[in-house]
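To start, the structure itself, in structure tokens.
The first chain written gets the first letter, and so on, giving A, B, C and D; residue counts start at 1 in each chain.
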Amino acid sequence: MDYTASELMTVNAARQLRDHDVVFVGVGIPNLACNLAHRTHAPELVMIYESGVIGAQPERLPLSIGDPSLVSGALAVCSMFEIFAYYLQRGYVSVGFMGGAQIDQFGNVNATVIGEYAHPKVRLPGSGGSMEIAAFADRCYFITPHQKRRFPARCDFRTSAGFLDGRATRTALGMRGGGPAAVVTDLGLMQPDENGELTLTAVHPGIDPAQAQANTGWPLKLAPALVTTEPPAPSELRILRELDPAGVYLNNAGG
Amino acid sequence: MDYTASELMTVNAARQLRDHDVVFVGVGIPNLACNLAHRTHAPELVMIYESGVIGAQPERLPLSIGDPSLVSGALAVCSMFEIFAYYLQRGYVSVGFMGGAQIDQFGNVNATVIGEYAHPKVRLPGSGGSMEIAAFADRCYFITPHQKRRFPARCDFRTSAGFLDGRATRTALGMRGGGPAAVVTDLGLMQPDENGELTLTAVHPGIDPAQAQANTGWPLKLAPALVTTEPPAPSELRILRELDPAGVYLNNAGG
Amino acid sequence: MSKLVSLQAAVAEHVHDGDCVYAAGFTHLIPFAAGHEIIRQGRRDLVLARATPDLIYDQMVAAGCARKLIFSYTGNPGVGSLRVVRQHIEQGKLEWEEYSHFSMIVRLAAGAAGLPFLPMNPTGAGDLERVNPNFRRLPNPYGDGEVVTVPALQPDVAIIHAQRADAAGNCHLWGIIGEQKEAAFAAHRVILTAEEIVSAEVIRSDPNRTLISGLAVTAVCHVPYCAHPSYTQGYYDRDNPFYLEWDRLSSEADTVKAWLDEWVYGVPDRDHYWQKLGPETRARLQVEPRWSEPVNYGKH
Amino acid sequence: MSKLVSLQAAVAEHVHDGDCVYAAGFTHLIPFAAGHEIIRQGRRDLVLARATPDLIYDQMVAAGCARKLIFSYTGNPGVGSLRVVRQHIEQGKLEWEEYSHFSMIVRLAAGAAGLPFLPMNPTGAGDLERVNPNFRRLPNPYGDGEVVTVPALQPDVAIIHAQRADAAGNCHLWGIIGEQKEAAFAAHRVILTAEEIVSAEVIRSDPNRTLISGLAVTAVCHVPYCAHPSYTQGYYDRDNPFYLEWDRLSSEADTVKAWLDEWVYGVPDRDHYWQKLGPETRARLQVEPRWSEPVNYGKH
């Protein structure tokens, strides 16, 4: 069964999620990944949104994290202060999905500027919730196409913390969150090693690891136990296409 | 028309209130005084309670500040955090009514202990809301029978701040609230002078100022323009007795 | 995921000797049934935290459950003093730690936010700061003046009573909401009791009404009339005569013991307690309905 | 006491050149009608504060109302970038001050509480702290570590849109409640717009639903469809095609100018704007009702 790069990434992202995870979820691919996991191996997964929505049951594909379809039929809606203070900072969030224009060797993210901050070449949207999600969620995931410009050795600006300059430097600051758990790309998976450096731990069927190394801005190490991911199952793809019948998110490059 | 000491104090307390005042009100006499003012010269007076109730319209005489009759038909109910932080500390409260076992020469209040704190002779209920009400409300009022034990020169314990050791000492701390405005007793009114010292500014009809001085724990000064209060009008008494037909609060010594 | 258990089971599993317990509710929704169950199970050395200890902690102190009290107003609301607590403090038989209402609730808000402390503006009343070393001062980094700080309070267990909840602990709670939300998020474990257990669809019909989501709830117990002699808005009224009666009987140790024997040790659970109150009391506490105007969430 | 005035009168009286304006609402209830009225009245040098500037501030920046932007995420929600804001910043034509969502809202919470600042736990992402001197550090007075602080934000005027309010400004607001409460209590003046003006009895039927009481409201304006192209939960849907259209037309200055001429300067008020949208758009945005289960407050 054929699938797009977005479908491949979404299926592999969904497989990262565990039952009973409480996921701080964005729209688009992360939302689809959560719904896929919820309908397959994680029936007790709880989706919460920085807009203050908890336990959403949208009757349509939400087009933003503030979509009204997330509210109708949700278990709870609280203020943004509460979702960030009483849920995220307090420690109720197990998983965060991160976006961002740049992800570096240690999983630090830049969503702020390309170039100098005071005189940016490119002004990006900024942190939104990501600065605190990266610090306080137990595990963080990234879903993005594997392109060199997205994976520099070091970000121009650190909008949110991965392992900073190495796992020990994050640990020393004592944030409650565990930091980046995996980067899901259209070529495979990158995961932090004991030093917090992102290394290639899996490739998708038919992908040459060298292709991933060529599209990464630092000398990408291959994990000793490099594996090949299971191709998306027909059942997974069927559910995904039910969730996004128009292919709003699944029929493009993703990210 | 005859009246009790409590009726006399309640009527004179009500006269201290102004239209559009936002009053942080307790149960009993203060509640009756507010309702009397509301039905006479202060139709826009707003009553709020430390329980988080705003704009109550109780169908019966509330027996505590957490009475359910305060909630049914109120304009708003918020958390205690909000009533203290967003209303009182923020500066939306114009009037607070204070209780307390002792009120001293400068309007400081003791509601905590008689005797030594660690080994109290008498353990009183404690601050409740009064520590912040005294600091942040624009004006504070006291309603209490005129007895020497209630008016010591200095409190055993300062639960809430009046003018501390004189108006300048309070001003130096820069709290937003204006401090004590008047003490209404069964003999008359005590109000702070330019130094923040409580002085006798009015006596009730037929009361000898010497009687107030004899029942005060400091050398009570008489204001240069000492006046005599208007006796309770039949209309005022009629409304009061409608509010407390059983005389729960009006037929005792009050305070 | 259902968290429904009996109140006996919830107290047995989640309330331990020496725990810091916060039974929440300002006058409203005070979980008396849970307090009585803790007494029946003989818990000892508890640190009892509540802005207003109310009769529930007067009774738990009388039953010997408590080592220490953390409070901001220890009175019998609308009646007078809490005689048992007052006597134990005056006789040096009970430790205590004291705040104002605001500083007490700010401690919970800090605990709920996962912060080490929160600031307040100074009040000028120095004596409570002087006798309680948990009050500290910090400079204002942005200008003149200082703030007063209090440390986070994160009770081992909070007990919250609500009008209605689903089996996962998502609850609708209305009327006076006091400090329930802050207590639930501050605590390490939360026992939620409810007048009614409803389907998730009832909760989902009004998500803005959900004061505490199931994510913060450890156990859910169906306990009608849990709050008597306090009240549950819309369900039953405050039993004010009992508050007055307690003021009388709590003046003597043996009348308190007799009351505990009859009304706590002498009944197995809240259902029997409620039946034992008798038809007249139950009828007296009934309230006529007064319904809210519904709101439209829309089929978006 | 009635505070009802026209939106024109409220903007004329309460929004001044140079003011710090906070038009609240996270995706939901964004008061576009008020933004357009501010444009029509030609306000200048405004400091525009919003967690998510959204199209409303893109349009106000394009119209020349703004001197500075205070924000935490400057994107077109679900679509992409805010082209006008981005271009003005990249070309050095607009000052900006930047936060994360949490630190932005904590600034409002401090303002609402009348505090000089509030603390947060450190995030390890040092760059925003480095470029914005409003982030400071304080030691934890109760143990190890530090907190990050931000100063209170007290806008000169907050603009809040709600589903229903009484003439005194007591409002019922449901769905995503974002930062509306904190913005209203933080601000020195509050303009409240509402889809419906209702009797106080409707508000009093559900006091726990009142997000902001009239005590905090300066002016009340009856402005149906105020939030278009954003939405009002239960009343009308988000006009997503317009968000996509804005992404296209905002790439060119003259198409932006043409749009402002036609849809802002070219209409006197929101009623005319709504009529001008035409029957197809109005029909597309309709939503079927989905009502909340009422709750019983009781005749206590």
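In this section, a contact is a pair of C-beta atoms (placed from the backbone, for glycine too) under 8 Å apart; a residue touches a chain by one contact, two chains touch by 3 or more.
Remember, predicted model here, so these are calculated numbers, not experimental data.
Visitor: List every chain that touches both subunit B and subunit D.
Guide: Both subunit B and subunit D are touched by C, going by the contact rule given at the top.
Visitor: Once you count every C-beta pair in contact for both, which comes out on top, A-D or A-C?
Guide: Looking at A-D and A-C side by side, A-D shows more C-beta contacts.
Visitor: Once you find the CA centre of subunit A and the CA centre of subunit B, what distance in Å lies between them?
Guide: The mean C-alpha positions of subunit A and subunit B differ by 58 Å.
Visitor: Can you work out the whole-Å distance between the CA centroids of subunit C and subunit D?
Guide: Distance between chain centres: 36 Å.
Visitor: Where the centres are mean C-alpha positions, what is the separation of subunit A from subunit D, in Å?
Guide: 28
Visitor: What whole-number Å value describes the gap between the mean CA coordinates of subunit A and subunit C?
Guide: Their C-alpha centroids are separated by 40 Å.
Visitor: Two or more other chains touching the same residue: where does that happen in subunit D?
Guide: Touching at least two other chains: 114-115, 120-121, 145, 174-175, 177, 181, 208, 231, 233, 237, 287, 290, 297-300.
Visitor: Would you mind listing the residues of subunit A that make contact with two or more other chains?
Guide: In subunit A, the residues touching two or more other chains are 53, 67-68, 71-73, 77-78, 85, 89, 136, 176.
Visitor: If two chains touch, include that pair; go through all of them.
Guide: Inter-chain contacts occur between A-C, A-D, B-C, B-D, C-D.
Visitor: What residues on subunit D touch subunit B, complex-wise?
Guide: Interface residues on subunit D, with respect to subunit B: 1, 112-115, 168, 170, 181, 185, 200, 203-204, 207-208, 210, 213-216, 297-300.
Visitor: Which of the residues in subunit C end up touching subunit B in this complex?
Guide: Listed in rising order, the residues of subunit C that touch subunit B are 26-28, 51-52, 71-75, 77-78, 81-82, 86, 89-90, 92, 98-103, 105-106, 109, 120-128, 131, 144-145, 174-179, 181-182, 231, 233, 237-238, 240, 287, 290.
Visitor: Quick one: which bits of subunit D touch subunit C in the complex? Just the residue numbers, please.
Guide: Checking each residue of subunit D against subunit C gives 114-121, 136, 138, 140-143, 145, 147, 149, 151, 163, 172, 174-175, 177, 202, 205-206, 208-209, 231, 233-235, 237, 287-300.
Visitor: Please give the residue numbers of subunit A that touch subunit D in the complex, ascending.
Guide: Per the touch definition, subunit A meets subunit D at residues 27, 50-53, 63-68, 71-73, 77-81, 84-85, 88-89, 108, 112, 117-132, 134-136, 157-161, 164, 170, 173-176.
Visitor: Taking the complex as given, what residues does subunit B use to touch subunit D?
Guide: Interface residues on subunit B, with respect to subunit D: 20, 22, 44, 46, 48, 53-55, 57, 59-60, 67-69, 71-78, 85-87, 89-92, 136, 176.
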